[in-house]
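Note that subunit A is present in both complexes that follow, paired respectively with subunit B and with subunit C.
Entry: the complex of A and B
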């Protein structure tokens, strides 16, 4: 790990003043479960690390008219221990439980989970997010790609979004709050994730001198929700495919649905096709299967990851059945 | 610079990438005058750390409260809690295996929670209670968790054991009445190459029973 300057401000404002305007100069430290590994591998070589652990305002969970405000430095374990989260947001709880190492949940934060860098092995080995060989050819389609994207992979970005919380938050219609020296802004979690198109952009809508201060999860209002994950290993690994769903029902039929897939695209994948397939329908084995097929109809698997198409379909179907209480 | 590099494996050292001149960095960052100040040496408690905007990259004073005793170190900010324990304090119970938050061999308890000490900076553990395997048997008598490991043959080569014992302790401290299913999930953060999981899980169940018995007796 390269040596760095360390600072531990006590307010967000003070922290903003410590951040550089270019990526690479400074890094924000939350729980460290991702950043320290990135630094040990020289993927990140910040000259200064700004710790958020001294900022009390980022550790709060508060209820307000527009929903539940969850501070960026709330740990995943603290999220799971919160009574209101457990009561209102079953799909978020299921996603958070899936992050299945108690140590990661004790250290890792909500903000860090959303901002964790992709697990793409080319990226982690120093070839960048849009990895190319010396002649400019895309490494992913020609190389080892069994864990890469099967949706939204026609551009240069072929990694998968790593956050388990993100698909659940998108399904719940949550927003992130972002602070910068020039003020605060709020962005839908869905829009916060972006597939980078060139080497200068990142996978999230964040500038190097901005801080994600928290998330706002709107009142669930009785929407039926569930998250279903397909995993190769039960612990110490990321899912292969997940689906988070939120269903507004009118009687026994779906009024409107959100079906968001995770770990299959460079961003959480909100499937309009699946939502459309479900509108006005009751949830049962066959409608859930139709929605799952619709969600994956546009899948474009790479040479080694066609298997993920079926896993993602299973995730969608089982999440829908679970949300409807039919699992 | 401290004598012992935080990256003691050294396998990731990249020539030319290490180090930078402090002056060129401060210039390059373009932070206005006064924003960056170095800490006068010798003072470091939580509140003062906040008053000092930037510390390091050279050694800085770090005070760690480990098993009830405060240890004063002078280490670079990049030193992890695991390296501080092993390389600076001769507490070699916590093991370095993956050094990437993926195996659990380095597990210690910080503020009542199990953490991977390889992935926490030592400076971030200041002001918090740190429990390590070295503190489990202060009077020479085995802690019920350690005793349950012995009883259940819960180790073979033993390399994962100190981390596993601390993970089990953190778990039973919070789950006095665990089910086997809770034990399996609750210990999911530790790997054992020798495959002692069955013994470890039974040890966790036994230790929980034992400790509850102790408290209620």
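Entry: the complex of A and C
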């Protein structure tokens, strides 16, 4: 780990004043479960680390007319313990439970889950987020891509979005709130994630001198929800594919659906095709399967990850059946 | 011939063969146990290694000047000078000692190395891509393979493989070195504390500045160690540089490998891949075996697997092997070297032949037991295992694992191991205050060695386990062998038994006059010394020892020792069965239950013996389902030299584990080692269970979802 200056401000405003204008100058420390690993591996070498742990307002969960406001520094465990979250957002709870291990749930935060860097092993071993060898060749297509993207991978970004909560938050229509010296802005969680097209851009819509301060999850309004993760291990492991669904029902048929996949693309993948396939249908094994096939119809697997297409379909199908109470 | 050193008969054992908790459990659970990694000496420095980022390269230039000037850096040493050809990623290039770990790491980053990159090979499964990196062996035959196959009613041909994996010691390799004049103390995480000091002295003795250093100058201390599994027998380059730094700076120096270094260069288990053909008669009798295998153990290639395994007496055999050299970290012994690979290849091919013959594998394997060295033992174990697994109910013909997408299946495997006792000296000291010390220059790798020594001494002296202080983990104690190959328990239990009998004889001599008898009439039991057949004439242990006055008794017991009882033996058999559930939609395998039935002669402590089996089975589940060194052929980089994508099971992933130790009639053989045997069969048994569940073979281990789905698709069962 490279030596750095550490600061622990007590207000968001104070923290904003400490951030650099360029990536690489400063890093924001939340729970540290990702940043410290990045720093130990010299993937991140910030000159200054700004801890948000002294800012009390970022640790709150508040209910308001527009939904539930969850501070960025709320830990995953605190999220899981919140009565309103447990009552209204089953899919978010299921997503949070998937975050292993208990130590990560205890230290890791909601904001950190959204802002963690991709787990792409080429990135983590120092080959860059858009990994290239010394001659400029893209390493992923002919390399070890079993865990890489099967959707949205036609550009240079072939990693998968690492966030466990994002698919559920996108399905629930949540927004992130972002503070900067020039004021606050809100962005749909769906739009917060971006596939970078060149080495100067990141995977989220956040500038180096901005802070993600929290999320707002709209009132669930009785939508049926579920998140399903396909993972190889019960213990500490990353999902191979995830799906989170939110269904507005009209009687026993779907009025409108959101089907969001995770760990299959550089961003959470909101499948309009699956939503369309479900409109007006009752949820059963066969409609769920049709929706799953629709969600993956445009999949473009790489040399080693065609199996993930099947896993993603299973995730969609099982999430739909679970949401409909038929799992 | 019976001897006074013989193990007590079954009815006369008070501690041996019981279930006794390990002596150091509370110290380990509470964190009081001090490992090499926990050792921090006053004023000590920390050293870090610079390792090659390239798999194959020539060092053209190395410049340490900036590192030498860096803050806090006390010493820099080049381990691979310009001109060295690096053969794997992680190859040691230089080391830096500094005031803190962080400053040492900063110093390492300031060393400038220029490389000429050379072509590399880091993958071996596709042997056709190995080009000039292969070394084929001559064909070996036994009997007449062609006529063996023509006698067969069914012939099966298949492809099988098991990959390279690492040791994943919880405590990484390394040590602390501290000099006092010409005497060095090494606090080392080692399986061989009696050996590495001498190895270090030999290296130092060859250098002018330290030419006077002899083995007696080096003391090695290993109070506790966090796993070795065969990878910690050597002083290693990092041990030498650590000692040199300490000598040079006059300060204690600590050098422990980082986790990525541990995974890259501190040892791996060679792979084995094979095309296997075997034939059998309708009744299941195997008539012929043929294989072409290939494997890598890193730069040195890979040795031929000992297959057919266990069923070595198959009458007609033809074998060929290709050693593939790869630019990856080199092999070291891995818990039962070559056996897990051999079991996976043999037992999976046999299981497929059984399926082809429409035979229950339990019957098929039993039918062929005459081809093994211990058919009766295996038969008893297979029947016991079948009962514990409820094999009769759970086994079904392939493809009948259930109607839903979750399929259940069972599989089995057999294994063997030696486990002969290593050389060991034990000193038993009895003091006049009643205290007893058992002293051995042995090390407890976490297996329960300390506990076993205590049990044997206490049993022999007739005192409670708490009455014996077990003193091990220090090369100043009488020498005992390295802990590898399941040789420790036989060695230390035998030497401890002999020393204890001798020491007790001396005590009897000292107290006999006061009990009005002779030494040969005395026995020690329940904390008392009394006249055989007359418990009224007795002394408490403490009172008896008080008769020693100002003297102590100190006796050495030796293994081996002629005419001092048959205390140990060699050669065991074991079987394991696995039950799995496979999600055929996702290809994810979960182990539901495993059964291990194991013979290892006389068991000193049933509880720690069972623990050995549990640990081995968990390690086996990891190897069967998760572990892989994943290399990128483009860059030569190991992409998962971490604990995130080098996957190991958690406790939720291992299922129900049942262990049955074969005791009773097997006790008469004496003590035999147990470290290796239970680690052999899990991948084979689990792979066979998966084949039973889903109806098709997943050819190579680990059984990851992508491979399971591909096998289902190929078999038309997706």
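In the analysis below, the second predicted complex is superposed on the first by the 327 of 327 C-alpha atoms of A that agree within 3 Å, B and C clash if a C-alpha of one lies under 4 Å from a C-alpha of the other, contacts with A are read in each partner's own complex, and residues count from 1 in each chain.
The criterion applied here is as follows: a contact is a pair of C-beta atoms (placed from the backbone, for glycine too) under 8 Å apart; a residue touches a chain by one contact, two chains touch by 3 or more.
Remember, predicted model here, so these are calculated numbers, not experimental data.
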item: Touching partner for A:1 - first (subunit B), second (subunit C), both, neither; value: both
item: Subunit B versus subunit C as contact partner of A:45, first or second or both or neither; value: first
item: Touching partner for A:225 - first (subunit B), second (subunit C), both, neither; value: neither
item: Contacts of A:304 with subunit B and subunit C, given as first, second, both or neither; value: second
item: First, second, both or neither for A:287, with subunit B first and subunit C second; value: neither
item: First, second, both or neither for A:271, with subunit B first and subunit C second; value: neither
item: First, second, both or neither for A:17, with subunit B first and subunit C second; value: first
item: Which superposed partner A:119 touches (first subunit B, second subunit C, both, neither); value: second
item: A:144 touches, of subunit B and subunit C: first, second, both or neither?; value: second
item: Contact residues of subunit A, present in both the subunit B and the subunit C interface; value: 1-3, 42, 101, 234-236
item: Subunit B to subunit A touching residues, read off their complex; value: 1, 6-7, 12, 14, 17-20, 25, 28-31, 35-36, 46, 49-50, 52-58, 60, 76-78, 80, 99-104, 107, 113-116, 118-121, 123-124, 167, 170-171, 185-189, 191
item: Subunit C-facing residues of subunit A, complex; value: 1-3, 42, 101, 119, 121-122, 124-125, 127, 133, 137, 139, 142-144, 146-147, 230-238, 240, 304-305, 307, 310-311, 314
item: Partner subunit B, residues of subunit A touching it in the complex; value: 1-10, 14, 17-18, 20-21, 25-26, 29, 31-34, 36-37, 39-42, 45, 47-49, 51, 53-54, 77, 100-104, 106-107, 234-236
item: Touching residues on subunit C, where the partner in the complex is subunit A; value: 102, 105-106, 109, 585-588, 625-626, 630-635, 637, 639-640, 642, 644-645, 647-653, 704-706, 709-710
